[in-house]
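Paired with subunit B in one complex and with subunit C in the other, subunit A is shared by the two complexes that follow.
What follows is the complex of A and B.
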């Protein structure tokens, strides 16, 4: 087991390295140069620019700059934000936690909705199957920011009095905090539920045709026992994998949703940083988000192998 | 399914090709008649500075869809080349290409798009380049998979034995056999790209104003949405219609071409 975890992580290492290079390159890709950008819009003399360049180490060869940056990043130093002049990591962590909470709630919603519709679709077939698949096609076509905008519009038109869109910090009131995240999470969850629903449907149909299910029915087990002990348990394994792999979609979607519902998470931070051209912050967010997605994928792989004895990475 | 999808696509193409000439009004012309409801002259009403909503939807659709088509065409070209080379040549080449694509794949698509557009600056050209980069890995993988099995088929061996060159084998004898899943994936990528383009514009990272775009129209309308709900519903429906077109088309193609669900 330990060997497998180590192997999976080792395989991710080169990709993580590539990710760090892309994040580093992003800062280099900006028009003009970094010294000028870090000075903001204020006009400064050539000497002062040279001074900034020396301070930032921009006079050294590019590989040395990359290694120095990577070394700092590994120690948790993602540089100073242009906008606030504070360490990026310190700004990032609390916002990351907010996004993590939002993503988690959205993930649970998507899992519940997706498995229920998928299961209904596969078990009941006929008209239910048609409705679920039509609903899924429609959901797939409605981007999450459109859902979010329409939710805000409907609430504004029909329930103008309730203040459901004010974010409440977790430390202030945990219950109100979760409640305030429900509608944003729903707009994130709808699209993701489609993938889960379709995979649940396929998995249940596949398991239903297995001999052991027929045997279970033939020996007189009740339909609900077959469903609970044979179908759901076996069909859920691939579904959990798919849910984990939707992390990237949820993280990406949270950028928009947080902006629309003004939730102080990583997405909103990215949006602010983009607006103020705060490159170290953008870089930090990109690095953290990609690393999280990669690590979640590794975790999903490992969980998959734990649950399904047939899968082995040795 | 394919027929419905094709009909919807035809409508979208009409908007792209005809654009301003079928719009009832000049989409940029403002008037004092702002946030008006729908009537006989302005079928969908007007926006916050009195521009005709229907005309803006048509002209904005042209912008949104042109970016989408060009970006996906580029991603498809890159994906075809990379996937074909990777799958057909195999070995170290395959390993290197796939690892490079894995790096792009590791980023949440939308996050990478925002970061790149932010770094390069929000212009139509940069938007197209970014989206092409972001969607190339998906398409390359879809090409590579079937190529891996088709290249072992007998007719490839037969072609090689009569002296057909490797390049010609790859393009003439392998590529046509893997085209079905590529068509389906391209259609799905078009739907995703509609989302990415409009979402970036929604965040203010789309083509700069005054070019209307469904995403930026939706963002602008949010301020006044309780006064004029149509200004929000119009672009929202347009976005959904466009992505639905490509999803319906993909599902139809999947049935017609008998491509399995992944």
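What follows is the complex of A and C.
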């Protein structure tokens, strides 16, 4: 088991290398660069633009820029932000913590909502099944930024007393901080809960028709014992998988949600950095986000082996 | 002796796409305490549905309407509440199913799957239940039961899994054990071992046995009486010797003729 974890962690390194390369190349492929973006619409001489580029090292070949970045990154130095001239790492860490909190709350919401609706749908069937599946189809069809806009709109209309755009830092007031993240987390969670709900429903239906569930009922076990030890425990594996995969969806969704709700997290930071072509900041964010997704995948593999004894990594 | 199980005019009706289909058409039979009775017939003849009726277990996601009367220890099982029925299942009437490969929960150790029925019906402590589980695994012929109790189903062969399922079924010393095609999914040498085990346990624990099969070869030497089922009805019933010697119903004769014989001769030929 320990060997498996070590191996999986080692395997994330080449993946991170590839991700950083692709991100680097993609950003350079975008039209415009930091020099032009910072100049905005004002007319600026070509010489002045070249001067900015030379100062930032943007005049060197792409591969040389990448190798320089990689060399520093391997030593834990993610470089200076073009926009603020401060270390990217220092800018990134507090923003990452905000996003991590938002994603965690949204993840818990999505997991609770998804498993409960999926389970109810599969066990009760009939009208409940129809309602849940209709609700899921609706949420699946509507992108999360539309859901977020609707939530902002409805909350603003009917509950004008609650602040929607008033993010409170955790250090200032932990309770108010969590409360201020509830609506954004809900906007993120609703879409993700659909995938979890549909997969829970399918898994529970699949397990329900298994012979061992009939055997459990033939043992005279109570309905709750059959549900807990036979249905849920067996339906858990696919649900763990999709929940892990949805981690990436949550991180991606946070870009839009944090921008809409003005939350100073990593998503908003990425949005700003892409707009200003702040290459070092973008590289840093991509690296952190990719690491999180990879770590969650390793955690999912470990969870598998804990839930199902048939899974062996030796 | 008054019968342990007294089935009268039992009917079972499934609704398929809104059209009701009667699978069991008013059958009656008795099983005395400690007696072993065979139910023989081809697949789809209603013998498994009859067993499910006694357990009041409808297949998941389908609805069955039972009719008639199933007398058991002075009560009619068809009128009991689901809660009362749960106290009977596993405790008074237990069942062994056809496919041992699919009948054990893959994410629970086999010991835990015996512990849970014991704790449900006997009120044993966790520790005492595990002690009894190990005894039961030994009783059904599993070596090193104390160690194997912590193993998971995928670490057992088909025959061993059926032994575990038999241990589960007999764990609370039921009055009636229903075995629904218990050897069909197993290979021939293992079949004989499982049948011998069932026979031995029946005698040691004084259980009645309802053995359901499509194969006359399986019930020979296992049961005292046989009910032959065809098309949802019992077409012939009687002591097994009599049935083998002089089958009266043409369907019984056809079933007997389907059993391969060592000398290559055909019955009646």
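Here, the second predicted complex is superposed on the first by the 264 of 314 C-alpha atoms of A that agree within 3 Å, B and C clash if a C-alpha of one lies under 4 Å from a C-alpha of the other, contacts with A are read in each partner's own complex, and residues count from 1 in each chain.
The rule we apply is simple: a contact is a pair of C-beta atoms (placed from the backbone, for glycine too) under 8 Å apart; a residue touches a chain by one contact, two chains touch by 3 or more.
From a predicted model like this one, the values you see are computed outputs, not experimental measurements.
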Clash or fit (per the criteria above) of subunit B with subunit C on subunit A: fit
Which superposed partner A:26 touches (first subunit B, second subunit C, both, neither): first
Partner chain(s) touched by A:149 [first = subunit B, second = subunit C, both, neither]: first
Contacts of A:59 with subunit B and subunit C, given as first, second, both or neither: neither
Contacts of A:217 with subunit B and subunit C, given as first, second, both or neither: second
Residue contacts on subunit A - larger count, subunit B or subunit C: B
Touching partner for A:289 - first (subunit B), second (subunit C), both, neither: first
Apex subunit A: angle to the C-alpha centres of subunit B and subunit C, given in degrees as a multiple of 10: 90
Touching partner for A:253 - first (subunit B), second (subunit C), both, neither: first
Shortest CA-CA distance in Å separating subunit B from subunit C in the superposed model: 19
Residues of subunit A contacting subunit B in one complex and subunit C in the other: none
Residue numbers on subunit A that touch subunit C, as the complex places them: 125, 208-222, 225, 229-230, 233-234, 307-310
Subunit B-facing residues of subunit A, complex: 14-16, 18-19, 21-22, 26-27, 29-31, 137-138, 140-143, 145-146, 149-150, 152-153, 156-157, 160, 198, 202, 248-249, 251-253, 255-256, 259, 270-271, 274-275, 277, 279, 282, 285-286, 289-290, 293-294
Residues of subunit B that touch subunit A when the two form their complex: 99-100, 102-104, 106-112, 114-116, 118-121, 191, 194-195, 198-199, 202-205, 218, 222, 225-226, 229, 232-233, 236, 239-241, 243-244, 247-248, 251, 261
Touch list for subunit C against partner subunit A, complex: 55, 57, 59-61, 86-91, 94-95, 97, 99, 102-109, 116-117, 120-121, 152, 154, 165, 168
